[in-house]
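Below: a set of structures, written as structure tokens.
After this come two complexes, each holding chain A, first together with chain B and then together with chain C.
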Partner chain A sequence: MEPILIILCVVVGGLLASLGAHLLPVGGAPAAMGTATGIATGTVQIMLGAAMTGLFTAASAATFTDSLLLVALSGAIGATVMICVVMLMANILYTFGCGIVPVSGRVDVDPLTKEPQAPYKTPQTDGHGVPNVVYVSGMLGGFVGGFGGALMYFALLNYADFTAGTAAIGALSIFVPNAIIAAYNIRGTIEGFHDPKFKRLPFAMVTSLVVSLLCGILVVIASYLTVGGTM
Partner chain B sequence: MTVTPAVVEEEPTKKGLSFKLPLDETEMGLVAGIVAAIVLVFTGLPAVIKGIALILAFLWGMDSVRKTSKYGLGTGVPSIGVLATGFGVVGALVGLALAKYGSIEGVAYPAVLVGAILMGVIGLVAGILSNHEKVIAMKIPRLERAMMELGMAGTLIILLECSIVTGSLNFDAVVNQVLNTGLIAFMFIFTCFGLLHPYNACLGPDENRERTRMVAVEITGLICAFLGFAMIILSSSSWALWNGVSLLIFGVAVWAYFFWLFIKACMDEAYETVGTGMIKTIE
Partner chain C sequence: MGLIVVLLFAWMLVIAFLAFLACTFEDLESDMGSQSNPNSQVQLAAQIGQVNRFFNKAISGEPLSNAMYCATAGTIAWLLLLKLEPLVPGEEWKAAVLAIPIGVAVAAAINIIFSMTAHCGRTAAQKRFEQPIYLDVLYGHLLPIATHAFMTTFFITCIAYIQCNLGTLSGNPALNHPFALPLLGFIWGITVGAIGSSTGDVHYGAEREFQDRPFGEGKRVVYHGKITRYAECGVRTQRDIAGFCAKFGGPITGMTFGLIILFENWRSLVGMQLGGYLPNLAASAGNSAVTWAIVMGLIIVIALAVVNYVFVRWVRKKCGPFVGV
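Our next item is the complex of A and B:
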């Protein structure tokens, strides 16, 4: 077991979880009524879903490879696919079910495609659905979050020498507080990297760093006491 | 000419709730913490007693969730319940790793409580950073204490559940029977719901603590029934089998009784709800 590598992987994973939560299109309750951009649920549910899918793919990859990059990337791909499908389904429901166009509420012109947003926005609302820039941001968020979760899983499995089940639940448990602290930082809803709230990212990063550092130390203690080895 | 009112006004008779634990939030935390810690250390106790300690621990966690969520988190009540469970699993792993120190095999494992204390420290740090003006600035009164209590309550709950299923707190036994069988996934979700669901379901202008607590006890009953079922399936001796059967019966009885109490309380209190009539339309 390698204590420095465990702590490093857990801290990096926690920071990536926090960054991923900031990039996701979280709509919350207003999005459920079609009056805000994003997926109609809280950060926790979206991030937990993405991270769990990522952990499943990462765990499958970890059964036949010892490469850190391969395991972490497969986790990232799993989370990205999951979040993309959710965003696509949200768009289908909003467009064909409610009859509203996906449009961002925070910017007048899409920063990536330069499409105008403001003329299509219903007055008194905060955008609808998942427009292009938000979709790209959500993809990045899923990728980053899944990468972080899988990184923690790999560290717990191979460096801390836990069994696969223990490593998976441990990674999920360290991932969850980091994502939730990020959710508190963004106060419920966020569109992605173009949202003004994204500038609050450093605050969540500091908290995430401290919490995941402490969790990493606890994992090292647990690993040292159960599996044994040289510090 | 006098117009007689169509409906004779009756004095609303508010029936007293039949479920009352005469403890405020601080006392509840102390009692639940101490009882759960004592029951947790002595793993040889019957599963039903552990189930009672589990109910107290859930009531403690629910109180902490309630007093934090009252101020509005911005992300919904579920987030804080999931946070507590996440902390709880990490704390439980550390507690189980420490369990072998100073233990009497199969009887008492005092060192597991260190896991709960360490998680309390991490919860306190997370709470201070979340509430600090220069960091996340959530501005929720007493968030530090609530997060510390949630870390400790979450750890105690997960450890109690492990102790119920395996009958000991030996790391290898727990890994084989709880973690590798996948039971931990159910425990994770059920613990989340036990902590977050009572307040999430009852919140609103007419929320009161007694009614919310009934939901907490009712969900714990369901968790006990589920753990009893798991014990019956995993049992290797007749003692474990009968322990499981007794816990299953206890859980179903608690669930049924408190579900009935909760519905009754809802009906009693809904009697006073005043209709506001139709919304007037502008001509």
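Our next item is the complex of A and C:
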């Protein structure tokens, strides 16, 4: 039981979860109609889906390594693989299923590839599909979010002496409020780091810090109450 | 019996195949009940005077509802396994053959209850817009929805069962996943829902719901709510939609989940093999196994990013700028 380490890991994990959710290209319901750029679902849902995939791999890795960094990186890569496949397949579906070209609605020129965006956009929409800059932002979001989730899992498993199942549920329970805070901050849709809404990030980070700190203290109390790793 | 590495890889491929089927049916289930994001249009349609015969069941976000079904099925199957496995020592698979379908059937029954209450509640709330509750629509969709949900939950529970017992099935119980069956069901329920919601819904929402609008453009805000209410023959219900989406949206969604499961398990196993962890589970090789798995994952991620870059460039060149009005 190492209270400082537990709180530190939970706070860092929570902040990373919130940051990751801001980086993901969330299109929400409008994206399902090709009316907005990004992945056609809510912030919490896609972040949770990615983090859960990462957590599955991280839990496997934690059975045969004691390294915090390796377990957290396993989770990060797991989440990144998940989000990358989803974004690629969404593009294939938009293109071949609906005849829609991936285009960003927030910038006129792709900041990374310098491809023009505005001429390809359907009028009265906010972009559609997952263009290259959005894809890169999504990759970073998946990596950061997955890293945060796996970090919390490792702290709960090894520092708070929870069993694997309880540590997973605990990490998930701290992850969700942080993703929800990000969702409130995003208010609907966001394309990634190039989106003007990304500038609101500091507000979410402060809130996440407070929430994660409280969660960390709660984990320490729970760990004290169940000394011996019975939880 | 020692660990047989080939068996590990074989089971991984079985899991990936089951994942493909699970997500295909998950997408079709959400299309059949109009559960996820495109449901906003079904809701809006009645509000702007477009009375329709669509089934409207927004139980919750797909990840959460699927996690509920899969965790329920997993819990019941797990409890039955605890009771039944001691009755057939040495032949535990017999217990699974009975326990998993029973657990999944209970989850499907819960799905029917939620579908019915969600549809009736949502549609009753639209009385002021004169949207009736068509009883034939209600009765006619419950069974197809429950059947699709049964298939999804069944495949996910099978995946969770195999992963729980992966080591035992391959010859060394130390390789069983540390999570219990219900928790694995919960995790894959969340993931399958997240993928079904984010990938497959596009085919329903952006194409089938607005099929009388021009093909090849994002659906403009002025179209919202004005969904296609007439089918190839007669008035459109959700049963016409599942058949359409099964031709493209469903399989693509299934492939997404299948690829994710394949990549994740494959890179872990290849990492174990390259790191020298298999077949003797040498504890000293643990770190190198994870490192190799991370390196393999990085290669996969970079390859996917390159494929997307090439694909986006190709499609923009092929289709060209927007030429409509």
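Note that the second predicted complex is superposed on the first by the 227 of 231 C-alpha atoms of A that agree within 3 Å, B and C clash if a C-alpha of one lies under 4 Å from a C-alpha of the other, contacts with A are read in each partner's own complex, and residues count from 1 in each chain.
Definition applied: contacts are C-beta pairs under 8 Å (C-beta built on N, C-alpha and C of every residue); 3 or more make two chains touch, one makes a residue touch a chain.
The model shown is predicted, which means the values in this text are computed figures rather than measured ones.
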Practice prompt. Identify the partner contact of A:C84: answer first if only chain B is touched, second if only chain C is, both if each is, neither if none is.
Written response: second
Practice prompt. Would you sort A:P3 into first (chain B), second (chain C), both or neither based on which partner it touches?
Written response: neither
Worksheet item: Touch check for A:Y135: first (chain B), second (chain C), both, or neither?
Response: second
Item to complete: Have a look at where A:G146 lands relative to chain B and chain C in the superposition and call it first, second, both or neither.
Response: neither
Discussion item. Contact-wise, after the overlay, does A:E115 reach chain B, chain C, both or neither (first, second, both, neither)?
Written reply: second
Item to complete: For A:G49, decide between first (touching chain B), second (touching chain C), both and neither.
Response: second
Worksheet item: Is A:G28 touching the first partner chain B, the second partner chain C, both, or neither of them?
Response: both
Fill in: First (chain B), second (chain C), both or neither touched by A:T63
second
Fill in: Comparing the two partners chain B and chain C, which touches a greater set of residues in chain A
C
Worksheet item: Where does A:G13 make contact in the superposed view: on chain B (first), on chain C (second), on both, or on neither?
Response: neither
Response to the item:
Residues on chain A touched by both chain B and chain C 28-29, 42, 44-45, 48, 164-165, 169
Worksheet, complete the sentence: Within their complex, chain A touches chain C through residues 28-29, 31-35, 39-42, 44-46, 48-50, 52-53, 55-57, 59-67, 70-71, 73-74, 77-78, 80-82, 84-102, 113, 115, 119-125, 127-132, 135-136, 139, 164-165, 168-169
Worksheet, complete the sentence: Residue set of chain A touching chain B in the complex reads 28-29, 42-45, 48, 163-166, 169-170, 172-177, 180-181, 183-185, 187-188, 203-204, 206-207, 210-211, 214-215, 218-219, 221-223, 225-226
Fill in: chain C to chain A touching residues, read off their complex
36-38, 40-41, 61-64, 177-180, 183-184, 187-188, 190-191, 193-195, 197-207, 209-210, 215-224, 248-249, 252-253, 255-256, 259-260, 263-264, 267-268, 277, 281, 283, 286-287, 289-291, 293-294, 297-298, 300-301, 304-305, 307-309, 311-313, 315-316, 319, 321-322, 324-325
Discussion item. With touch defined as at the start, can you tell me which chain B residues reach chain A in the complex?
Written reply: 73-76, 78-80, 82-83, 85-91, 93-94, 96-98, 100, 118, 121-122, 125-126, 129-130, 135-138, 171, 175, 179-182, 184-185, 188
